[in-house]
Amino acid sequence: MFLHRKETIRPVNVGEPDARFGQFLLEQFGGATGELTAALQYWVQSFHVENAAIRDMLQDIAIEEFNHLEMVGKMIAQHTSKMDQTKVYEAPLFAMKGIGPHFVDSHGSCWTAAYINEGGNVVRDLRANIAAEAGARQTYEALIKRTDDPGTIEALTHLLTREITHANMFMKALDAMGKLDDPYFGNIEPDETVSIVFNLSQGEDSRGPWNKAPFEYIADPGPQGEIPPPPVNPDDEQAKVKGTKAA
Amino acid sequence: MFLHRKETIRPVNVGEPDARFGQFLLEQFGGATGELTAALQYWVQSFHVENAAIRDMLQDIAIEEFNHLEMVGKMIAQHTSKMDQTKVYEAPLFAMKGIGPHFVDSHGSCWTAAYINEGGNVVRDLRANIAAEAGARQTYEALIKRTDDPGTIEALTHLLTREITHANMFMKALDAMGKLDDPYFGNIEPDETVSIVFNLSQGEDSRGPWNKAPFEYIADPGPQGEIPPPPVNPDDEQAKVKGTKAA
Amino acid sequence: MFLHRKETIRPVNVGEPDARFGQFLLEQFGGATGELTAALQYWVQSFHVENAAIRDMLQDIAIEEFNHLEMVGKMIAQHTSKMDQTKVYEAPLFAMKGIGPHFVDSHGSCWTAAYINEGGNVVRDLRANIAAEAGARQTYEALIKRTDDPGTIEALTHLLTREITHANMFMKALDAMGKLDDPYFGNIEPDETVSIVFNLSQGEDSRGPWNKAPFEYIADPGPQGEIPPPPVNPDDEQAKVKGTKAA
Amino acid sequence: MFLHRKETIRPVNVGEPDARFGQFLLEQFGGATGELTAALQYWVQSFHVENAAIRDMLQDIAIEEFNHLEMVGKMIAQHTSKMDQTKVYEAPLFAMKGIGPHFVDSHGSCWTAAYINEGGNVVRDLRANIAAEAGARQTYEALIKRTDDPGTIEALTHLLTREITHANMFMKALDAMGKLDDPYFGNIEPDETVSIVFNLSQGEDSRGPWNKAPFEYIADPGPQGEIPPPPVNPDDEQAKVKGTKAA
Amino acid sequence: MFLHRKETIRPVNVGEPDARFGQFLLEQFGGATGELTAALQYWVQSFHVENAAIRDMLQDIAIEEFNHLEMVGKMIAQHTSKMDQTKVYEAPLFAMKGIGPHFVDSHGSCWTAAYINEGGNVVRDLRANIAAEAGARQTYEALIKRTDDPGTIEALTHLLTREITHANMFMKALDAMGKLDDPYFGNIEPDETVSIVFNLSQGEDSRGPWNKAPFEYIADPGPQGEIPPPPVNPDDEQAKVKGTKAA
Amino acid sequence: MFLHRKETIRPVNVGEPDARFGQFLLEQFGGATGELTAALQYWVQSFHVENAAIRDMLQDIAIEEFNHLEMVGKMIAQHTSKMDQTKVYEAPLFAMKGIGPHFVDSHGSCWTAAYINEGGNVVRDLRANIAAEAGARQTYEALIKRTDDPGTIEALTHLLTREITHANMFMKALDAMGKLDDPYFGNIEPDETVSIVFNLSQGEDSRGPWNKAPFEYIADPGPQGEIPPPPVNPDDEQAKVKGTKAA
């Protein structure tokens, strides 16, 4: 059950209203990496995740994201509170749709549930959430760099901070399942190619931990599965992918 | 530069065509978790990722995903090759749009770039990719469970396997940057709340590695940032989040 | 500030799970007339509506809609709890995306903020809300007619009931502004055509309170504003539209 | 049957072309509140509304909205007729897509039928139409305030005027059915909670005609339907919602 | 100026209502290849096409497409007129959204202006229209093959016929400009590669009028524009592309 | 099978980076007329086109379009390589989403498969492709006119050139089937109205090869198929539409 109190979870005090910056802020209200995406993604996962402890975590964080959505909305409302003095061509979105937040991104595209990534398995859900937090953090950094208003910076920095906290929590939960550094999950056994890496984009090739042993590197792969004998790393022992059943 | 040969990277041999299952397969051709999403996401990242080795990895995997898209397309073409004998109401999508693959999901929704998650930072990109692989693997498992055709199962199992391989590669790359288990990245310092966890959804509360010490647990948070003294875990030392500058 | 308790605002007790009906229920979770649309529409209005009392009403109802969204989600989770025994072709959406609710409608289309109608003026907002309630009520009636499960019917009837209550509240608020039966609002004076009605679709023409006096009925209108002398209702006094400044 | 004459229903005479303002005008050509939405919404309703008189009204107004769409298109064509002299960055949409109108909004988002609200019941349809008219009127006001061109203002004022006329007609039709101030319609009886109002957003609470008697006000509602005894308004007689069967 | 009469341009007489087939018919009401796409595409072109005769043709055909949209809508209304006797799972879309047409395709996806192809040049527009007619014809063929109702077949055959007529008209107009078989149009001169054809997909290669002389065939193209000497067709005279300025 | 080499098919050498122009270039990366649309449209057709030679052509051109997508992406990457020196409000899309290409158009709308036109018949597919090439050519012309950078102009001119080449190839293929100037294709016979042209938009009427004999011109058509005797062109012999079976 949702309950609401008419104060934000943390104060929002915009100094000088800047409707143009308000339009940028829409990115975190109705944009792909925004708080609506996070809130709805974590919350909808809580309906199908079976583990009660993980479900509790998802709900705690989802509700916090709703609170962050409210903070971003408040910031937009404050930044558009003096639209009469704003040159209209600098914030056309609010001139057309009215002041305050709307569920569109900074370019006026409607929010869509296609932004949400969830379903079927808790490991998949938690990985999706770590990705969502990374996207949100990235946009907050972009926003912070484009304003000089101390109140706005303080609020955005808090929001960025919390994304790090949430990412940390999701990582801890994945780690508790042994799935933070194990690519495998679910019920289907991988086939014999699980350790092979194909060099399909040739030129300026690089080698690193992601395509060196224990991975088996195919330098010049061909079609129809006719995998040529690996021309490199002849001494590699049989590649093993940590965490797969084959390992 | 893209080059193409008229054989698939691995054989696709569907036994008995089943247009109804072909419609399910669209999920991995033009759906959210499908191969088009993966191919375009990794490839577009390669244009802005500065590290040449990571860029090479992204391009190698992107090209493989294009090859998987081709395999899925081939499977759909084979499954719809006997549409005349199919009861039309069992595969209405192909009856209306024609046989073979289309860039829609199994419910006929057009593929949209809103499915793609990328931009601005390589750590964010790699986390998005691990999430994408998890989603793709999940859908392949769902598909494998819904067919009895050995050729289809073999091909789908290969595709599922490769998602595990790619996830493994992305994890190895993140780990090489020290970012597989560190939530922090980018240039903005988090604020003082980075270790706090709010119990915003109350009832059936659980505690686990994601909200125990070193996290500071606020059992009954209130609005406006008036954080009450933590009623639990009084002995916890100052919480530290691994990898943040504060740590 | 949003707070949450792990019980629904009203119990949800589905009897026999029916995943196929669960797919229909998605219409009110991630569909056009669903609870997400209502919750977000009223809540986003509260950021720009200046009147504190109306704002309070919008927030009260918005939070209730979030609670209804939770109830619908719970119903879907219960209806999909025995998917293993369900013939997969009867509920393909859950087979592909996993059990439980998702932010798509009953045909798998992602929820979009294009469903939301709001902005710029409280009268416009309240009219949009009465329309939203009518759409939601209509879909609940369609759902109730398509299930025999008593627990499902009881919950859906409650949700339908509350839409009537909300519509009533919005009507009362509009009426308090004198705008329930007055088409006029805002700052722009209408021109001299405000009482004219054009018979642009001819054949089987009907007359009623919407095109009789005081409306001026143009039976055979032509282009370029060359309005012919009205051939009917010659005795009508000068038409007056209640509530316009011209009146 | 549609017929067409090559003159607009009313003259459109733009003075000085302003491609930048032309881009704003797209909001009423291919935007959410635009004439295409209105024309298609009312017209599609006419296919399922059973009452012939209401159907005639819907068709008359729908055709007028097509005529308004034509007027807006003409205005955009005139405003973009001197694109060569326009600084391209001031109207990038026309620079990319060509001069004249397109079915996108002022921010370049494609028109979508998700804007349309209709179906299943004439009361629902008419309420949706009153909301559509309010949205259109609001956008016309925003446009009128952002241009100094007398010809443009005259045409926009006419279009705004007609939205008021249409809203008036829809209200008269609803009133003739007794549904302008009655929230109830359709075949399902509401349950016993129809007169209850929940104070779910607490703080700065207000009371007004929408949550005073005959409404029953629950000041501090809890989950699971355990409705506490109402702490306020003890003298209120049993709440009655006008127009419900219970009344 | 649009005018309307309450009879369809041609009679629509559905025999036995079949709501399931009605759902298929939506493809031509609110689908990609449907009449709305055609009507709006041709009509919006008429605002920017400068040639008055072509503009007249576009408007004549656009109005006919509106009339066809009306016919398709009528067919859907007749096919859904006995929904009470229909098993609801056979036509879930109408069960959820109400009987009669809606602006969605046969899978419930909302119509979007992204289906429209137009802008900037009359040659481009006419080519887009020939493509649109071909898509519409294709879907009508698919529909005709899936019904036994004589009245439905007759109406659909008429609609298919008219698409052929329109395609013929657009071809005649293009031919009158000399652009039916000339790929070139507009103001930019092509570069020296205009006659070259790259064999980028290798294996099972074929030659035909599209890659034989006068085209210059590059059998094994490489990156960075280092075009190797053509290994085939050494006797070909200098390739010439009809209609280019270079020719 | 897709293979890749880390050089573009032709060099891309942007001179002075201009992030604002980079945003325009997105139109051909993630926009309606862009290279992704072309690449995916032709390639997906190759799965259902039965004629091996046409299939080979489609694949050759599809792969070239992937290469052009890579060139456009490279141009955008180069144009956004000095974002730090760019005034942020001049290229807000990259400021929010990061430098380099993204699968959105120049106004930030996500690419959607609704842009693709294909299915069911090779004639329909080839006509769709000629239309796609015309749209791409048109946008390249718009782009070339809006930059002064020689390297950018050279690359864009090459891309424009290749669209002409592809259009030429598609025309040659259609011509080889006898379908370049024949509107008819498929299996359904048109009805008796195939040569009739309706003058549905009246005023400033024009006559041309598209509505003169052998077309039968109905100057004043009425509803319900009651076609009046043609008042003009009494001497026209029976109209014939070239290429129809009736001819």
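Things to note:
Every chain is named by a letter (A, B, C, D, E and F) in the order it is written, and numbering of its residues begins at 1.
The definition used in the following text is that contacts are C-beta pairs under 8 Å (C-beta built on N, C-alpha and C of every residue); 3 or more make two chains touch, one makes a residue touch a chain.
Because the structure is a prediction, the values reported are computed rather than measured.
In terms of the stated touch criterion, the partners common to chain B and chain F are A, E, listed by label. Common partners of chain A and chain E, by the touch rule above, are B, C, D, F.
Taking the CA centroid of chain D as reference, the farthest chain centroid is that of B. Averaged C-alpha coordinates put the centre of chain E at 11 Å from the centre of chain F. Between chain D and chain F the centroid-to-centroid distance comes to 35 Å (mean Cα coordinates, whole Å). Once the centre of each chain is set as its mean CA position, chain B and chain D turn out to be 39 Å apart. In chain F, the residues that touch at least two other chains are 1-9, 56, 59, 63, 67, 98, 104, 107-110, 112, 114, 119-121, 138-139, 142, 200-201, 204, 222-224. All chain pairs in contact, by the document's touch criterion: A-B, A-C, A-D, A-F, B-C, B-E, B-F, C-D, C-E, D-E, D-F, E-F. By the touch criterion stated above, chain B contacts chain A in their complex at residues 5, 7-11, 32, 52-54, 56-57, 59-60, 62-64, 67, 112, 114-115, 117, 119-121, 123-124, 127-128, 130-135, 137-142, 144, 154, 157-158, 160-162, 164-165, 167-173, 175-176, 180-181, 183-191, 193-201, 204-211, 215, 221-225, 241-242, 244. Interface residues of chain E, counted against chain C in their complex, comprise 1-7, 88-89, 92-93, 95-96, 98, 104, 107-110.
For chain A in complex with chain C, the residues that touch the partner chain are 1-9, 30, 36, 40, 44, 47-48, 56, 59, 63, 66-67, 70, 73-74, 76-77, 97-104, 110-114, 116, 118-121.
Across the complex, chain A is touched by residues 20, 24, 27, 31, 90, 105-109, 138-139, 142, 146, 200-204, 222-224 of chain D.
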